[in-house]
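Notes for the one structure printed next.
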């Protein structure tokens, strides 16, 4: 059976390509999801995409992913910077998680530079627009693949 | 002519695969460089790899990249956290830069969580072991490709 | 067509006039909304009022206001002090926003003095009880009016 | 009529006994609730238990408790550390509240040591696993009992 | 007798409309004062306007207002952020005070976001250009009116 | 043989019921100790109570408890907030320790909110007046009981 | 010739006994000055008293005291907490200075606890109402006396 | 009966006049106590003096003063800066307390500038060598006197 | 017509050469002004010098300089470190400003190291005694000269 | 006469070799003292060893050392991090002091990294288990020796 | 013999005039050095210029300057903000040092505002583009001159 | 074969005995190395000494020591306080490291009190001039010896 990877888009990402295009680029969320489906096919993984503005729903989604997915690619939007509840959800769920951001958060407002969720993820990718998601999907797919095969573990 | 991408390994990375394998994994720097050459060939970019423990030399390398390369993939090692001089070198040079880390720096010591260099890079990738470099190379290659073709710019 | 202004009451404001009257005064939310309707009629704007305890719903409301309203008057309650997600929603939506508070937050607990949302609003009004909403509605109506007529812009 | 006490389990506590058992112990939430029902019977109080991952729903529950319960025992999970909105809900509701935690939050990560909700509760109990809930129920029952009988108030 | 309201313009506001019009708008101080006179007439209050660059003079003015005015509308300019002496003057005087700012100080430099004077005022209005003064005058007039008539006090 | 639990009252607690009754309630230390003796009998544990204003003596007491008691219930008074020496004593002794406070320290002065001792205790109970001690004794008795019987350990 | 001591009352102290009597007591500034004159006569020193709300005037007064007085007793009011210019004036003038406060500033707002002027004074007296001035005058008189007679210097 | 005032000298003050005379002056503790006895006689109060290096003993002394003295003059030495236990003792005891220091602590090391005890004292006197004690005794005697006679209270 | 440069000496600088000569050197303000006149003649600029201890007057002077001078050389004395009002005056006036200090403020007290005014000046010169003024005058003259001639702008 | 060196063991060190051997090693305090006696004989110095859990007693011991010893080797245990009273005792006593720690405090908890006592000691040795004491004794003996013979002083 | 002044250009300054001309102006390093040679001739000092990106080399250069130069003009580039090693080199060398910056570092990023090197220099000049170097050379030449002639020293 | 110990002297230590003798004493680096050679012979270890001002070279030296030495004694000079790169080099190399300082860094400037390297060393010795090196060599030799013989490990 093909590995399953859940892509979670956090708050306000439903507006991608519609508003603030100078900041987040012209791609809509649908286009990004379409591209991830194609890349998933290429990488041999099944990709599900979902968006929510609600912290509680995102926690529910991560809990479900514990049973239904092998890895999560998550862009927690602004929740990145204060949602210890999402952090705990990621820590409590057994799926591998990759945090992605479209913008280079290290170069924006002070409060956007720190992620409370990243410490419990496998890693973080930020700054490449829609490409951040694609790289995140590649990373997740590779992490799932390497967990299935015995290999020396790099932290 | 193929785009050129310079991969700069910062301080202590010459010991990769030799020491602290529980932290950084079993791959040696040579193996990583070998894999990057292969991936570069696949992506149609020329890849040069260099390692230095010296802050001044790393600055010199970035200055040279300004003339000789289209993008830089850089793992600044511990300089990540205090070398404003390397930051200024990246800012002063016109090549696109991608910062990579093998470990998930967000989950390690407090001082390792902040990069003074990332704000002037295009983006940052951390936590995936040798795969971080490969993702960084993909990001750099894509950024170079998209700059050559006209396209809407995502920050 | 008359301009539309959406008034969003954040968490715990449904208890207005019922609890903590020594702090927030005797007016119920219904009475405040009634007064805002009357003032809206006087000012020539249509006023809609809504209350929610959920951060995610408030974000949804702001997204909808982007299409359905000309301005938002928002009292984000305690979300004022940490909801970067609501801030991003305001920034991403194109409606003018005015932040209001019934109490003088500058004179209360330390954490209540800082708003993470105000920087992306047009302005902030605090400390006048139900009157804060009325002043906020006046401000929003005037901002909408002045945007429709060409005029020198004051930041 | 018997006093009623509402037990609110915050985010991620639905996973109790399923995940991270080394941290939170082997008891499931159902087992804990069962034990609280039994203890409630012993103490002569009616006990209702509810779990939610949503900040907004938890606020709604506290508002309802204002009318339907005499006291609340609440484990706000990670919301403990940043949800000023839940804090305001507790302050606005007239029920006595007792904050409980299964782990000794004083000995965990820095950010877990501070509760923004505890200042408006009667008290806090942390570190005793499922026993924390039982002690919290005892405290709540005693506080309700002593409020019904005239007595000198100890802060 | 009509209530009297003193409007105090702090340091550098004499340059309004002359310099930094991109920040503060095209209105001169004389035009603003003219508009406040008109609005005062409309609201049934007498309005006096005064400007000073001197901290000591502003303190003197507030002391005088204690005897000669029913409320003060004050834009303390940069003194907002450090003049504890003006704060003490407001606290020592018995007139109601409303702090106003033309710009949205929450969205400007870090040091401009905190007012040491606001905690002893009735409230604060910021961000609406000359309209801030008009809203401040309305607030002051309403506060004076409601103090003359018995009413439940909202903090 | 019955388990022994040592209750240590720290500085100024000898004045309980004598001074500051509005803060700490009307019970004297003797009454509290009496109540703990009774509860100990009920729980099948032997209870010893001791009070000291001296940091050094409290350290000595904890050292002795290492040999003579199965658990310690300790209210370190103001030493809670700075006595790293008592913390080290608790860490060095092998008895289980439960920290208790009569008042809700989370809701008092800033410096009273942080305990340097709690991180090396099993848990903390605060805010319930004399009941805090009773709950602490219950917790200690239960911890001793569960350590004697094999069981899954909850942190 | 008798030593001369200048007493400088800072901002808002002209309102003593008129406003905020619950905080500063019922004595007017005139009464305090009268009492200081009497005490000066008793101690054999000439006393001059002056009040100003202006930072610049207070600096001028200190400069003059350099030539005309042997010591200064100063209550800098709110300037205590931020006027580095007054501090520099005291440091530049050669008269001995004693800082006095009527209230116990250590027990009031956080910002009132720190004096930027005290480090360059001989000492500080706070908390005793009008008595603070009398103690300050005694201290100043004694410091002047001991400087005229040779003696071991206590810092 | 004459009022009684207890003078408590904290840690290291037994070395006064013996060591660090450049800092604390040439007077020995015995000479200071002698002078205080004389001044007490002059002021009509009975003076007891005691010195201790032990925090616990100082707490005991303050507890005793609650019954045996009308006021306390205390130089807590270095305990000034961290002994919240002594602070609580002062707060719990009903005697008026005056904090004194021989040196101008505002002008010494950063950590010496803040007193955790002063907020619960009537006031603080610092910087005048042995004279600090004399002024403190005068203040204490006056506070005792004014409490015996009805008078407006100045904070 | 010759360019005019206004030299503003801030608080306490009237005492130059009279007091604290070990810190500020032996030159009086008159001597410094004399030297600046001579240097102005040499550089072809007209030089006016003024001193004030008053923050409000300094603001007035800067406002006047807006109309009457081409550049300002300002030593704001201690106002350097907190007068946001002077900062705003410099920002609001259109003259070029150069901040000078006689001492090397980077090597003195912590609070003296930060200038709130420098960010809105062209540059800062510190540490060279009277020579600081001369260098500042040279800088101002050169800046005026280069603004009159078209040239590439260096920030 | 042989120089005398007093070794002071602070709080909890009486448990050495008994508890926490994984942290402090297997040596008991008696064994360490025995070894120091032997080394003292070898170095020609007389060694006295004492342990106390009481801050006050440690101060007393340092005062006595002033008269009876030539140097002090002190391991202040947890008092290292907050006992300004012990610091003042060391500063007031004329013996040379060497601070020692068995563990590498720089690598442990944040609060353990800072010593408030070390600044007034000659130096600090940490991290070598019982060897830390031996090196400390060597340092103290050498410092005593070099003070007896004229030599260039190295700070 | 003519005094010698060494001008040290730190990291990235070799790119002057080539990159970031909007920030640093159009002058190349060669042009700046040429201008400094000319000004040196005018001032009667010999000028040597050197650039290095290496912290270690800059330290070596300063050590050499100790023997071969009378003063150093140094632009430490980004090392300004963290190289305590260069600071120690300046402190250890006996040449007078003047720190210069082309941009107004007080008005740029937060981290650029603080120099760790300036406290051990004679002074600092910032914000005037290439003119900063010229003013720095003038300052250095004057400092050398005044050290050769006896004169009152201004700090 | 005799154990080998590498002594690394960091930046500016080549100037020992030449400059700042009041701070670092009269010994030259050559004399210290000579003394270490003698002590090494006495202790039965081979000692190599090297000095470098370059961070990169020091990293290279530590890497080499990994293969060629059994322990390192390192005085990192000012790099102590910020070179995370040297810290990583020590952590990555398998030799035991002892950090030494000639001066008592705990008693100097704030920034000199914290070592970023010490946490990964075995221990730290500071304050004893050249003797610090000798004690460091003894510590290193003993650590090497005890690692060769089986023994209980003290952290």
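Per-chain numbering from 1; labels A, B, C, D, E, F, G, H, I, J, K and L assigned in written order.
By definition in this document, a residue touches a chain if its C-beta (ideal position, glycine included) is under 8 Å from a C-beta of that chain, and two chains touch if they have at least 3 such contacts.
From a predicted model like this one, the values you see are computed outputs, not experimental measurements.
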Partner chains that subunit D and subunit K have in common: none
Chain copies touching (subunit C, subunit E) - same or different residues, decided at half shared: same
Between E-I and A-B, the pair joined by more C-beta contacts: A-B
Distance from subunit I to subunit D - Cα centre to Cα centre, in angstrom: 63
Where subunit A and subunit J are represented by their mean Cα positions, the distance between them in whole Å: 54
Rounded Å distance, subunit B centre to subunit L centre (Cα mean): 33
Euclidean distance of C-alpha centroids - subunit C vs subunit G, Å: 49
For subunit J, residues that touch 2 or more chains besides their own: 54-57, 82
Pairs of chains satisfying the touch condition: A-B, A-C, A-D, B-K, B-L, C-D, C-E, D-F, E-G, E-I, F-H, F-J, G-H, G-I, H-J, I-K, J-L, K-L
Contact footprint of subunit L on subunit B as seen in their complex: 10-12, 14-15, 19-20, 52-57, 77-79, 81-82, 111-112
For the subunit I and subunit K complex, residues of the former touching the latter: 21-27, 102-104, 106-107, 113-115, 118-132, 135, 138-139, 142-143, 152-155
Residues of subunit G that touch subunit I when the two form their complex: 54-57, 59-60, 63, 66, 82-85, 87-89, 91-94, 116
